[in-house]
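Heads up, the next two complexes both have chain A, just with different partners, chain B and then chain C.
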Partner chain A sequence: MNSSQTRLTLILLLSPFLLWLGLLVIIPHIDMFFLSIREKVAPRTYETSLANYAEFFTEPFYWNTLARTAFMSILATVLTLIIAFPVAYYIAKMLRGKTKSILFLLCLLPFWVSELVRTFGWMILLRETGVISSSLQWLGLIDGPIEFLYNDVTVMMGLIYTSMLFMVVPLVSTLDSLDDSLIEAGYDLGGSKLSILKEIVIPHSMPGIISGCIVVFMLTLGNYLTPILLGGKSSMWFTGQIYTQFITRFNWELGAAFCFLLLIVSSTIVWLGLKLSGQTLASTVAKS
Partner chain B sequence: MSCDLECQHLVKQFDKFTAVDDVSFSIPKGSFFSILGPSGCGKTTLLRMIAGFYEPTSGDIKIKGKSVLSTPPNKRPVNLVFQHLALFPMMSVAENIAYGLRRRKVAKAEIDQRVKDSLERIGLPDAGSKRIDQLSGGQKQRIAIARCMILNPSVLLLDEPLGALDLKLREHMKVELKQLQSQFDTTFVYITHDQSEALVMSDQVAVMNHGRFEQVGTPQELYYEPQTPFVADFVGESNHWEATVSVQDSQRTTLTTTSGLSIQTQTTSNLEIGQTVNIYLRPESITLGQEQTTADNQLQASVKSVLFDGAKSRAIMTNNDAEEIIVSLPQTGEFSDLKAGDKLSLSWRADIAKVFTNQA
Partner chain C sequence: MLPTIPRSNRYNWSYQLYIFLFFVYLIAPLVVVASFAFNDSLFPSLPWKGFTWDWFINDTQPKLGLFHDRSLMNGIGVSFFVACCVTGLSIAIGTSNAFLFERYEFRFKQFAYILLLLPLVIPGVILGISILVFSNTLANGVEDHIGWDLEFLRPGLLLVVLGQFAFITTIATLVISARLKKFDRSLEEAAYNLGASRFEVLRTITLPYLRPAMLGAGVVAFLMSFENFNTTLMLVGSDAPLTIAMYDRLKEGSTPVLNAVSLFLMLGSALLALISILVQKEK
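Then we have the complex of A and B:
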């Protein structure tokens, strides 16, 4: 194939991606940016200003919500990692053959159902008149009904549940590539379980850990459904705030500014995470 | 003589399969002991039991006279050089070597000094800061051994560590390993399926088959005095024929192979007329060319084909389409122009062929 043909193939292959990137990502973001830096001074008269951003910083409710969302997302990511790591280690290193694939498939199974349906599932279990509350009453363990929904613990649980798969998959694939003899060599040379985990298993699986964490963090920070349905009004999730500005209050300018602030915060946290762990985006997400 | 490692009636069963079947041996201090066997003979299982990764079904393992069965692998005074070396890619060379000492909570200054000494000893004084993937195969080999030896183990176990190297390097490493062993003066237990590795390096070799030791002896004993047909076949190369005992007197026994070749051997007490036996004759024990009237066995044969392999060149000879006989070609120049169809005389001594009765 000559070079002009190669170039044509490349252009044809890339064009759907470029169209998607241009039409659905870049152009809306540019538009959103201009929207975010204009201020309504009178009906149908706008001025360029940073008033929307200023409002975010002057109104504590807004930045508190963002800070809380970021903190909860980091916590959810860390907890997901702590729960998913032993699961992934068990699947990748302790199991062989058929049991391994079955267990791996079981991790995927809940994700054949849409997130909305799964969240409603949680609501059926946890609401005041739900399965858990009424079973506990039936058993005589509690006197009156208990509302398990609409608190931070439930939101956190829902977020971790939604994120598990995205942590388990990259972890299993990096742990799979860890040669068993390295672990054995660690024991042979006098290592304890803990030191082998710290010096051999975790350094080896760092790319998987980081890529899992980035994906889970991004998904959690930008999640709307789970915090709103399980946390209700008290969830104070930043995406809920963006929704309110756009849909309830018709304040697209402020909503657009919020979108950018969310983007800046998530990118900064991911960048910091990569810096602190000494990894790069290419060595983690691109690899697994 | 004190023994570094002693195994008594060691058995390992996996479900119904017996991988190691009643193996007993003891290795004197400071010697190079090899376990030689085909793949699947149980040698790796045996090694992993000594290292502590498998628990024996029955039997005992003693290191310096003390049973280590209840000692976990990270506390045993043995270290294992893995087949693929298992160097830690996430650490530098120096960190790899220091790993065991760090685990023992040795002071940092002492670790640095010992790592430095160890790198000098293996001839890689500047490799400390390198990453594992920057090393060549032979260097990795030396680092893997240094990583174990820095802990002064009573016994160093080696699981076919030369398998992944190319031929030239393997030949070189054989000599080097032997030198390292005498330098460290530590007992080495080396497992391999490569007979040349075992013969070149070892003080003692155990030939293993189907979970049992067929014979334990010096390389010379195994080569010249094989005790079982398996050893005769596995160590070195042999012509193998099935034959029946046809004529016997007090000195000589005549054996006739299935296709009619007569072979003279020494009479031994276990041979009787009519018995079926296996004969093993090494290609290098056959003298080519000269008419030797004193030889016990002598026959005329023609060359069927020449297998040229430098110093290990051989010729396949036939004697009136009876048996094929593989003969080593001495590289003295005499047979350099040998070709198919040439006629030569073959001769060998009666005591040089090994004869095993079928039940042996």
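Then we have the complex of A and C:
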């Protein structure tokens, strides 16, 4: 292979890559940025200004929605970690052979089913005429039907459900790589369960914890279906607000500004997480 | 903490109970969706009124079954078409990207790798919107300056395909790169020494080696495209893919025909999962 041939192949491989990313990801975002900094002053005349961003900060409803979305996403991430960790530990350390791979595959199951179907399942279970409400009435535990949908607890539960897979998989793979003899050694030296967990297991699984948390956080922040369907109109989710601006109100300028604000919040929190843990984006996102 | 370390019975029991409850939580919504597809009632809720196949095969209102429901069947067709396009495109570009990142050194490669991962970091809703905005700018620009109305740049199937392709390609690239990384290059060198041309080596050695990863990436791409909602929602025109058609029904409140179509989706995914497991075995 001579070098001019190599160069030609490189160009041939580079051009689809650049076309794909350039035309479908980078230029659209640049275009959207320009849209977000223009203001309609008269029909068909626009001026460059930060009015859209100013509107976000002066209207409490908007920034409350964003703050709430970010807060709930962080909470969902933490809860997912707490719920998933014992399960991942059980799969990685307590089980062997076939049972282990079956349970692990079972964890992946919801991923194979559309998010729409999963959310539909929760709606059938939780709504006023749903399975849980009817069963409780039949058992005589409650007198009338109860509406379990359209509240924050349900939205949180749905978000955790959707995120579970992305936490369990990295946790299982890091815990798998922890040598059992280290735990046994800790036990032999008289360590309690809690101290073994704190001194050996958690430090070892830190890379898995970080990458799981980052992926879950990003997915939750950008989630649309679960908060809208399980939370209804009162869900106040920021992606729902973006949809409203674009499709319902047709205020594209403000909607574009909202998109950038969401991207900024998302990347800031992810960047902070990476900085605090000393990892890179490539090592966390590419694995999952 | 380990099976080899003695634990109290109570600890054992409570741990196993927790795991059991976790899996109930994981599976409950899926079981419920599937079972109400066979309930002989107009609403997907209790009480159970007996087993029926009506939600699949009945052809009259109000119990219109899935196979006679025009809009849902049309949705399946549209989704299938979109998923095939996205799968083909993303395997092609994904393979080319994999070669680019595994075989070549170029300036700003690190930076390009970050860009490659970008579509995974951007929420689907925003990715969809940005493409909508850009295609709208293009269409308006062309209309204002040349006077052509480019219909294909307005929301519709082409934009849906492009929107899904934008992020699914990243996933395909990662899957195919992972296998290309493990490739033993001495195999290629041997073929060169035996007088093969570059194209022959690619066709007879490297691509057959990559085939399981390309098929695996194809299965994942097909599935992600078929099930995608967020990006599609922003770019959809008059032809609604299945997830959008289902979402519209879901908001109105629907008969168990939605359960029937959900069950259909689950079976389809299970079939694809089986294929991908078989493909993995082939390695």
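As a convention for this text, the second predicted complex is superposed on the first by the 257 of 288 C-alpha atoms of A that agree within 3 Å, B and C clash if a C-alpha of one lies under 4 Å from a C-alpha of the other, contacts with A are read in each partner's own complex, and residues count from 1 in each chain.
In this text, contacts are C-beta pairs under 8 Å (C-beta built on N, C-alpha and C of every residue); 3 or more make two chains touch, one makes a residue touch a chain.
Values in this document were obtained by computation on a predicted structure and should not be read as measured data.
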{"item": "Fit or clash between chain C and chain B when superposed on chain A", "value": "fit"}
{"item": "First, second, both or neither for A:184, with chain B first and chain C second", "value": "both"}
{"item": "A:71 touches, of chain B and chain C: first, second, both or neither?", "value": "neither"}
{"item": "Contacts of A:20 with chain B and chain C, given as first, second, both or neither", "value": "second"}
{"item": "Where the C-alpha centre of chain A sits as vertex, the angle toward chain B and chain C in the overlay (nearest 10 degrees)", "value": "90"}
{"item": "Touched partner set for A:225, first chain B, second chain C, both or neither", "value": "second"}
{"item": "First (chain B), second (chain C), both or neither touched by A:271", "value": "neither"}
{"item": "Chain B versus chain C as contact partner of A:57, first or second or both or neither", "value": "neither"}
{"item": "Which of chain B and chain C A:192 touches, first, second, both or neither", "value": "first"}
{"item": "Comparing the two partners chain B and chain C, which touches a greater set of residues in chain A", "value": "C"}
{"item": "Minimal inter-chain CA distance - chain C and chain B, angstrom", "value": "6"}
{"item": "Shared contact residues on chain A - chain B and chain C", "value": "184, 187"}
{"item": "Complex interface listing, chain A residues touching chain C", "value": "1, 6, 9-10, 13-14, 16-17, 20-21, 24-29, 31-32, 35, 83, 86-87, 90, 93-94, 96, 103, 106-107, 109-110, 112-125, 127, 129-131, 134-135, 161, 164, 180, 183-184, 187, 193, 196-197, 201, 218, 221-225, 229, 239, 242-243, 246-247, 252, 255-256, 259, 262-263, 266-267, 270, 281-282, 285-286"}
{"item": "Chain B-facing residues of chain A, complex", "value": "179, 181-182, 184-192, 195, 199-200, 203-204"}
{"item": "Chain B residues touching chain A - in the complex, by the definition given at the top", "value": "51-53, 72-75, 79-80, 82-84, 86-91, 99-100, 103-104, 147-148, 151"}
{"item": "Residues of chain C that touch chain A when the two form their complex", "value": "1-5, 15, 18-19, 22-23, 25-30, 32-33, 36, 43-47, 92-93, 96-97, 99-100, 104, 106, 112-127, 129-134, 137, 162-163, 165-166, 169, 174, 198, 223, 226-227, 229-230, 233-234, 243, 246-247, 250, 258-259, 262, 265-266, 269-270, 272-273"}
